[in-house]
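My questions will all concern the structure given below.
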Amino acid sequence: MKRKIINDPVYGFITINHPLIFQIIAHPFYQRLRRISQMALAQLVYPGATHTRLHHSMGAYHLMCNAISELRGKGVVITDLEETAVKAAILLHDVGHGPFSHALENVIIREHHEDLSLRIMQQMNQEFGGALDLTIRIFTDKYDKPFLHQLISGQLDVDRMDYLTRDSFYSGVSEGVIGYDRIIKMLCVHNNQLVVEEKGIYSVEKFLVARRQMYWQVYLHKTVLSAEMMLVKIMERVKEIYSATDEKLRTGSALDFFLSSADQAQPFVLDKFCSLDDHDVMHAVKVWSEHPDTVLSLLCKNLLNRALYKTKFASVPFDKELVKEKQDAAIQRYGLSREEAGYFCFTGEASNTTYQRADENIIILFKDGSTKDITSIDNALISQNLSLPVKKFYICSLG
Amino acid sequence: MKRKIINDPVYGFITINHPLIFQIIAHPFYQRLRRISQMALAQLVYPGATHTRLHHSMGAYHLMCNAISELRGKGVVITDLEETAVKAAILLHDVGHGPFSHALENVIIREHHEDLSLRIMQQMNQEFGGALDLTIRIFTDKYDKPFLHQLISGQLDVDRMDYLTRDSFYSGVSEGVIGYDRIIKMLCVHNNQLVVEEKGIYSVEKFLVARRQMYWQVYLHKTVLSAEMMLVKIMERVKEIYSATDEKLRTGSALDFFLSSADQAQPFVLDKFCSLDDHDVMHAVKVWSEHPDTVLSLLCKNLLNRALYKTKFASVPFDKELVKEKQDAAIQRYGLSREEAGYFCFTGEASNTTYQRADENIIILFKDGSTKDITSIDNALISQNLSLPVKKFYICSLG
Amino acid sequence: MKRKIINDPVYGFITINHPLIFQIIAHPFYQRLRRISQMALAQLVYPGATHTRLHHSMGAYHLMCNAISELRGKGVVITDLEETAVKAAILLHDVGHGPFSHALENVIIREHHEDLSLRIMQQMNQEFGGALDLTIRIFTDKYDKPFLHQLISGQLDVDRMDYLTRDSFYSGVSEGVIGYDRIIKMLCVHNNQLVVEEKGIYSVEKFLVARRQMYWQVYLHKTVLSAEMMLVKIMERVKEIYSATDEKLRTGSALDFFLSSADQAQPFVLDKFCSLDDHDVMHAVKVWSEHPDTVLSLLCKNLLNRALYKTKFASVPFDKELVKEKQDAAIQRYGLSREEAGYFCFTGEASNTTYQRADENIIILFKDGSTKDITSIDNALISQNLSLPVKKFYICSLG
Amino acid sequence: MKRKIINDPVYGFITINHPLIFQIIAHPFYQRLRRISQMALAQLVYPGATHTRLHHSMGAYHLMCNAISELRGKGVVITDLEETAVKAAILLHDVGHGPFSHALENVIIREHHEDLSLRIMQQMNQEFGGALDLTIRIFTDKYDKPFLHQLISGQLDVDRMDYLTRDSFYSGVSEGVIGYDRIIKMLCVHNNQLVVEEKGIYSVEKFLVARRQMYWQVYLHKTVLSAEMMLVKIMERVKEIYSATDEKLRTGSALDFFLSSADQAQPFVLDKFCSLDDHDVMHAVKVWSEHPDTVLSLLCKNLLNRALYKTKFASVPFDKELVKEKQDAAIQRYGLSREEAGYFCFTGEASNTTYQRADENIIILFKDGSTKDITSIDNALISQNLSLPVKKFYICSLG
């Protein structure tokens, strides 16, 4: 039996030992994830955060292997077929992410990455002669062991466990450290649902708090937000001034296709999407940094040289006058129109919820066989009020 | 006084607190290092090894801060000016690295990265009004405190200490772990030379063994070598078939310049070089993967999809017949000329020396004030025979 | 200048470089802390938790060194004398801990460990000719820079930072990991009070949550509680049956003195106290495990062989009938009186507060110079209700 | 099925899931290992090195679990019975260690700890009704799958892998870090012998170098040696002046038995031995520190207060005149006889061999099925000369 081990600084070694898993990993659609960084532009603030979506999906796969082995050890029946299917599903759960997803998803790519993941799985399934049938059923939650889906996508899935652990590891933000191995050892299945044993409560609390902290300290860090907004604004400007005949906008990658067909309703060609990666976007930014359009070239140069927006957070919306003042300054300085000045100063909101009740809940299993949602447990840290989103207002401006 | 701390998963926090250091870091030439990965294509084998040259140089800067503070604590006189200069020098020591240096240095870029680092420093020095004068003197070993230069570039410098530590950390190869903090605490200055206190011998041995192991297990890992040779061969092929009028070879980046002027003897424009990064190269590989030339497009596709050369090592050269056979197979399969088949099967040598006597030696300082080269110490692990290079022969072939 | 570095798996290296610090460390009163384990009997549940009070106090000293250097870097004036004094104070802050403090403090030793620390410091101050004058003033909060005292003893002091970090490290409970280095970098002094910069809020939240988790998962873990209650009960039984002429109770250590004079009101001889350590207590338990008194010998044997009380927690008090039933069983089995049966089944309460408002508050300093208690900040995780103690009832019984 | 997980800071979690393993761990003979520190007095130099023999044996058990699972994954047949037996054997391999083994083994206890481990296993086997039969056959290498014995006791066994890893972790000496998980993944069985796959060579080299470094930097560190020699000398002095009627030598533990019967040839009572632990020895040292014999009380006080011998190493024997001079000083100062002065200054040798050819060899398995001893491999770091012992001479003296 072929068997390969892969070094992972987070977990030590990841073992691969099934032909279907090898086949998935070798597929160009999967290999593309090597060229898509997991944390997008966060590396402008956390220089170590350069790990890729491929690495994250392998890490989640590793945690899935552990979770399956723990559940089986507790008597949960998981067949070999189900095991391979759920491992394939976690490997592919993020395969639909484009480069800099959060920045590009609503500007260039109009489909949600989960829908794209599904479409890609379907195409790979055809190539593989149906070997991913069960994988797709589990991924779309149409299989009658819902706990398998919950391991992939829920409030306490191996996806979140890996990304918190890995993002924390690579960024060096110790606030995000979670006890993933302890949580996995506390997982259980009750009435076909994934639950957590009572004595795992503290580890789950820690997990939710760590996630909250990673949001505010890393994912929504004001300078990370600045960088991502800068990329959003670059894409918006390109679309705004786009003309198929403007040679200086051409990048030589699939971006050209998405820009030119951006207004067409028809579903795009999946292969085009699957050729896009971070290099295309960053190369485009470099090309555009030489473009005659002042707004575009300035934003591009600034992103490349890390001369980012100054960003402030506040708990109430910013005064419109303040925005106007700053835009006026930009108008004066660069000779812009009011509309163009909107690229130089604008406002928005960021929001995060520690525990989302609408989402898959986290259920605690007590020794007497009863279960409770984690928020309804006595003395829990995660009380009702943590189910409300925390909202912050921001202003970005370029001097 | 402005002061900034940067999260580093390896050392915790890196502190920046001097205007010149801020100025260097903010410079586009330095920011470019964010887009150049430290370990080039090693991430095809070690998926975590995605850290950048910027991150490495900041790490080396951090170790330099520690080393200076330790040496001062032992009474070594280092002025504030010298301190800033040597910190600037370590930040900039690798600024002349191009993308995928080892693969491109002799094909596209004809200058050694250290010479380029110096040229870039000189240009920045002009911009900074001479603020880097002392930095350059130390970097070029023309300052009369040679130990400052040795901290930057010697057999036991902070550059090596950081890259071993960081590469080991990010790749997850524990064999490369060294006791960098202990080595730094054992550093001393004797007759203006950098030396190591006697009780640091074991840490130095460990350092040399770790370096040896990282070479064979990581930097010269057969699959890493495969990938890098594939990029070398891609570049050689592009140069071979290059024509300024072949639109399908155009990449839209400074690579075009270096390819077209590759035969000209004149020193290239530094700014062109300083615009090159990994994105340009990987974007080019993607563009060329669609090129009509079979050899070029095939190599490019294979690199993108990680379908690398099969590589074997041996302690004696490979039989020429074997190479011919494998080339014959490629000729048959793809309809190539013998010359073109050379891109599909070839041989070479890799070599590494554990301790290079020709290089800056590692000197041990004994309690009685005497000094010895580490290889001449009783019972040392690092004996004479480790000063000889270990050479391995390899063969690469594509099925 | 004499200078010594000590290996610490938690922080790397701890540096000692002041004569007074050397003098303190060399003193037998301080060396005794080597023989007192930091987490008492928690190692019966967490086998790695064997670190000592000496190691903890050195760790806290190391964090103090870092804190002082950070504060000075921000312009806070701390003289060399103050620096040494506050370092001495943190080294000695726990010097008054006896063996298994929590178990013995109210049974054998009648003084609180902080008062004992002060008495010991005073005696050492005499020996050192007044060198600890300032140390004592800071320790007792009688010095006019209250932030120095707050670094030693407050809700966010280096004592807590080290014990959470160290206890978490040695027990392997990742839930207790805190970002101590980030917190220290966020410390500031405002109106002579220790405060935390705004952007340190998340790290402080994490610190409070980690502390809460360590209490319930480790310090008050039901089996740890079992073991400590077993030692308490052993001590109570010895006192109950104590007779100066019972040779079989004699242990050959200072315990004999404390047992025989336990009823006397006079303050005990400090030297006697300072000779007591874990070895005396564990040796005594071994001696007493052979004593003819069934209750005593049984408890002692059980503790040695880790046959601990079965302990349960509940959110409401346990039924008295249940206790009586279990005591009846013990009476039956071992032929005990009702009173003696109280050693075999009893109840109690454990309690912990995440954030104690009565304690030194944690004050956040905003960029505009205003300050707020951490509980009154918008959207804070640490809301008012975390200032209330969480109380749990427990029952212990021996089968 | 009963199942328990134990937190281990080194490996995360250790799982116990077999009744025999639970039975062994619950046995008082095994629980005694909690009270015996793994690194004896090394904690006087490395304050973190306080872990116990129980913790080490659990760690080795964990690695054994991993090794078995890896070997089975490679098709090696290991039955469930063999699995349990070899796990039991590794748990018990050190059960015969007395307190401070290296210091006491030839003075108080006359049997080697491996022989004692066997005797204890045999007694437990009787209690367990023969459940340890196979365990004992494997432990004594009388079972026809020698690789099982080699996993417990060989040059690359899980015992060594755990103690290097754990001692390095707890002492904070990074030089001892080894890639234990990689080595385990490289293990294989060939002709019933344990071998290492070719690509594991570097990890094995690293392992041997780490072991060498731990010997000289930790186990034979001059101050560790000082402390252990001080305990040896204390024991020698007690034996020398021993009289059954000297009440001031009585300690109240099994030490009294071993001291009084030390001259008797008869095998000692195993139960007596199994009651001995570190607390008895340290308590005894405290009792003897008050003894009227100057030599004894002084050595004891010095050990307690860490006022250790000054020790020097040299590559040639020390001059006898020097020893005499230092003894003269002691004679003068304390009014001793020449013989007694031998407790205050003496010489000796320490020695360590990096790779012992006489021991179980480390065999490398090549892809073509051939095998070689690691020292006979081309370019290996571990060459013939590392098979020779390194010997150092030392002198200890007390001022």
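Every chain is named by a letter (A, B, C and D) in the order it is written, and numbering of its residues begins at 1.
Operating definition for what follows: a residue touches a chain if its C-beta (ideal position, glycine included) is under 8 Å from a C-beta of that chain, and two chains touch if they have at least 3 such contacts.
This is a predicted model, so every value here is computed, not measured.
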Chains in contact with subunit A and with subunit C: which ones? B, D
Can you check which chain pair, B-D or A-D, has more C-beta pairs in contact? B-D
Relative to subunit C, the most remote chain by C-alpha centroid is chain B
Centroid spacing, where centroids are CA-atom means, of subunit A and subunit B in whole angstrom: 31
How far is the middle of subunit B from the middle of subunit D, if each middle is the mean of its Cα atoms, in Å? 43
Subunit A to subunit D: how many Å between their CA centres? 49
Could you list which residues of subunit B touch at least two other chains? 12, 173, 182
Enumerate the contact residues on subunit C facing subunit A in the complex. 173-175, 177-179, 182, 202-203, 205-206, 209-210, 212-213, 216-217, 315, 354, 378-379, 381, 383, 385-386, 390
Touching subunit B in the complex: which residues of subunit C? 3, 5, 12-13, 17, 73-74, 181-182, 185
For the complex, which residues does subunit A have touching subunit B? 6-10, 12, 26, 28, 31, 34-35, 37, 43-44, 46-48, 50-52, 54-55, 58, 169-173, 250-253, 275, 277-280, 282-283, 286-287, 304-307
